[in-house]
C-alpha cells in the first residue's frame, strides 16, 4: 500500500489551495453577509476555466480527466476558503458526471461542455421535494407523455444554484402505477424553459453565497429528447450518482473542519490567559488532538472511497461512511474551534463563526447522516443474511 | 584588514546610504578606501582614498563598466573585502565582481559575528552565519543594519576611467507611481486608535506618518467611527501588515489588531495605560498621552 | 529561439524552521515545498515570451535538487514550458550560490539559449547571486529585479525596480539573462487539463556529477533563529525626555531616521 498522492494530484491540490487562498478566501466573509453574488459567479467562471467543473469528466466533453481523488482534494481545498463555492463546484461536477454516465451522445455534447467551461455558472440537481427528502422515491412531480413532448408538473425544493443554473437534471414520476421507485424517470430541463419557475430562495443558517431555491414546474413542456437514460429507470440513476456526490460533500466537510481547526490552533498559540498561552493548557491540547485525529481519519476514508470509485470498484458504502464520518468530524471540529476562541469565536470578527454555520448542513444534505447509516448497515447486512 | 567600499549615486545625488558602508567598515575595524561613480560636486564626507569615476562618462547604471572600474581599484588596493549595499545597485553589481575574481560573496549581512557574517534567510525568519572560503570576498550589507557614519574630512581622490561596449544600455528613470494608501507596501505605518480621542485629532497622527515617510493606519474602532476610511484599517478585518516600523498611537491592542501588525520589524506603542496589551508585543511602550507626545515627536522628526 | 527558465523549490515560508543535524540549514522534515515565488514570475514571463514567439521556440525549465523538485518542474510544464531538465542533486542545499550557478552554466553552455530567466532571489536562501553569476560565467548581458519585460527582434527592454518605487529602463541585446521581481506579472494557475498533459512532456534527468566542476567559495557555519527580542522597553516620564529617547531609539534600531 502506498498512501501518497501522485505528482499530478499534488499539483491539483496546490493549485486549488493557491486559488482558494488568493481568490476565494478574501471574498468569503462578505459573500456570507449576503447581497451581491457577483464575486461568487466570477470565481465560479475562473474555476471552470481552470478545469474544476469536470474533474472526473472526459476531455472530449471539456472535462479535465483528473479522476475522483483529485475531485475530493479540490473540493476540500476550496471549502477551506469558501464552503458556498465548494458546494457549487461539487454539485456542478455531479451534474456533469450524471449526464456523462447516462445521457445520450447528443445530451452530453449539448450540456457538459457548457458546465465545464463555465458558460453555465452551474448545473441543477432537482430531486428533493417537500414530501420526498430522505425518501426521494416518494416524489410527486409528474412527467406526462404528450406525444412529441413531456409535460412536467410539480415542485422541487432545496435546489442548489437554481437562479444561475443553465440546466437542471430533474426527476419525475412517469409511471404512477409502478411499485415505489420503479416509475421515476430523469430529464434535462434548460433554464428559461417556459413553465420552469425559480421559486423563493431559502434563508439559511450558513453557506449563504450558494443559492438554495424552490423550483416549480407549471405545465413545463420539454421535448421528447429531454428524457435522460431509460424511461422509469431514473431512481437507480439518482441512487448511483448521489453516492459520488457524497464524496464531494464529505470532502467539503473536511475542508471546513480543517479551516476551523487550523485557525483555532494558530489562535491558541497567540492568545494568553492566566499568564500563559492557551496552547499550554491540556484541555486545549486535547481538543486539538481529537479534532485533527478525526479529520485525518475522515481524509483517509474519503481517499479510500475516491480511490475505489476511480478504479471502478463498488464505492457506495465507502462513500456513505466517508460522508457521514467527515461531516460529523467537521461539525465537532467547528465546535471545538469555536470553543478554543472563546467569546471571540462567537463573533463575526473571526471566521470560525462562519465555518461553524457552514459545516452544519453537511451532515444533512446529499443524504442525511441517518440515511448514510441506513445505507452502510444495509450494505453490511446484505452480505450476512 | 582593508575594505573597498562601493558608494552609490543616483539621479545626480550621492546616496546617504553610502555612509552605512562606513559604519560597517568601522565595526569591522578595517581600513577603508571607497569607489564611487559620481561627481566631484558631491563627495562623501570622509578622509580616505576615493576612487572616483565620472558619472557623466560612466553612467549611473552600467554594470559591465562599473565592474571594470571596481576591478581596477581592487588591483590597486588589494582589499580583503569589497563591500556593497544590498540594494538594486549592489545586488546587481556585486556578483559580477565576485565572479570575475572567483571569490566568495556573502549577501545581505545584518551583523558581524565571531567566525563570519550573519545573514538573514527564510524571509528573515532565520539567520545563517556565513564564512568566505576565499582570502578576498565580496560583501553586501543590509540597508539599515549598520549605523550611518560620517567621519568628516575630505577624500583623497584618485580618478578612474574605463570604456565599455557592453550589450546593455541604460535608457533612464521612471518616476514612482502615485497611489492611494497601500499599507501592505508601506515601510512605516503610524496607526491611530481610540486613544486619539476624536476625529479632529486624526491629522496629528497623519502628520507623524508623513514626517516618518510612512502611511497612516488605524484600528477598527477608529474606522467604525468613520474617523478614517476602511482602506487604513489594520487587523483581522482590515489589512495584515509588516512594516519596518509600526507606531501604534492610542491603540490598546485588541487581539484582532495585534494579529494584523505583530509581524512588524519594530513596534513603538504610545499609550496612557502601562498595562495595555499592546505592550506585550511592542519593542517600546511610551507611557504618555498621545495628544501630548505625538505632536512633540513629529516636531522633532520633521526637524 | 531557445529559452531557459531556472527554478528552485523552497519550503512554504509560513513554516517553522528548525536547524538540521549539522546545524547549517533547515531540517526538511514536515515542510511543504513549492515553487520559489520569484521563479513563478520568471516562468510566467518565459511562457508569455514563448507564446508570443510561437512555433520554433523551445522553452526549457531547469531545477537542481532531490526528486521532490519534479513537482515544481511539472508545475512549470503545466504552465507552458516545453520540456524540463532535472539536475539530480540530493545535496543541493549544501552548495553555495557559486556552485549552483556553475552547474547551470555548465548545463547551458553549449545549448545556445537566447534568453535565460531566473527569479531575483530564492525565498529561503535569499542570496540574490545565482542569476547574475550564471550570466557572468556564460558571458551574457544581464539585468536584475525586473518588473517589466518586452522582447523585440533580439532586444529586451526591461524596467528594473529601484528603491522608493522608481524604475530604471534598460535595453539588452540577446543572448541575455534577466532576474524577475514581484510585480513583473501575475503568474497563471496551471489549468487541470494542462497538469494532466504535462505528464507527457519530457523531463531529462541529469546527475549533478556530470555538471559540477567547482568547489564552494563560501561555507555556512550555522543556521539559527535570530536572537530573541528582549521584553519591550517601557518609557515613562516627561514628554520632552520621552521624545529624546524615542528619537535615539529610532536612530539606533530602525532605518527610518538617520
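For the reader, a short list of remarks on this structure follows.
As written, the chain order gives the labels A, B and C, with residue 1 at the start of each chain.
In this text, contacts are C-beta pairs under 8 Å (C-beta built on N, C-alpha and C of every residue); 3 or more make two chains touch, one makes a residue touch a chain.
All of these numbers come straight from a predicted model, not from anything done at the bench.
Seen from the C-alpha centroid of chain A, the farthest chain centroid is that of B.
Which two chains touch most often is answered by the contact tally, and the pair is B-C.
Averaged C-alpha coordinates put the centre of chain B at 22 Å from the centre of chain C.
Annotation: 51 Å between the Cα-based centres of chain A and chain B.
Centre to centre, using the average C-alpha position, chain A and chain C are separated by 39 Å. In chain B, the residues that reach two or more other chains under the touch definition are 280.
Of all residues in chain C, only 34, 70-71, 74-75, 78, 189-193, 195-196, 198-199 touch chain A in the complex they form. Every residue of chain A that touches chain B in the complex is listed here, in rising order: 270-272, 344, 349-350. Those residues of chain B whose C-beta lies close enough to touch chain C in the complex are 10-11, 16, 19, 61, 63, 86-88, 91-92, 94-96, 98-100, 102-108, 115-116, 119-134, 137, 143-144, 147-148, 166-177, 187-188, 212-214, 244-245, 265-268, 274, 279-288, 292-293, 296-297, 300-301. Contacts from chain A toward chain C in the complex involve residues 7-8, 10-12, 14-15, 18-19, 49-52, 55, 59, 64-66, 70. Interface of chain C with chain B (complex): residues 11, 13, 17, 24, 26, 96-98, 101, 120-121, 123-129, 132-133, 136-137, 141-145, 157, 159-173, 176, 215-226, 229, 232-236, 239-240, 242-244, 246-247, 249-250, 252-258.
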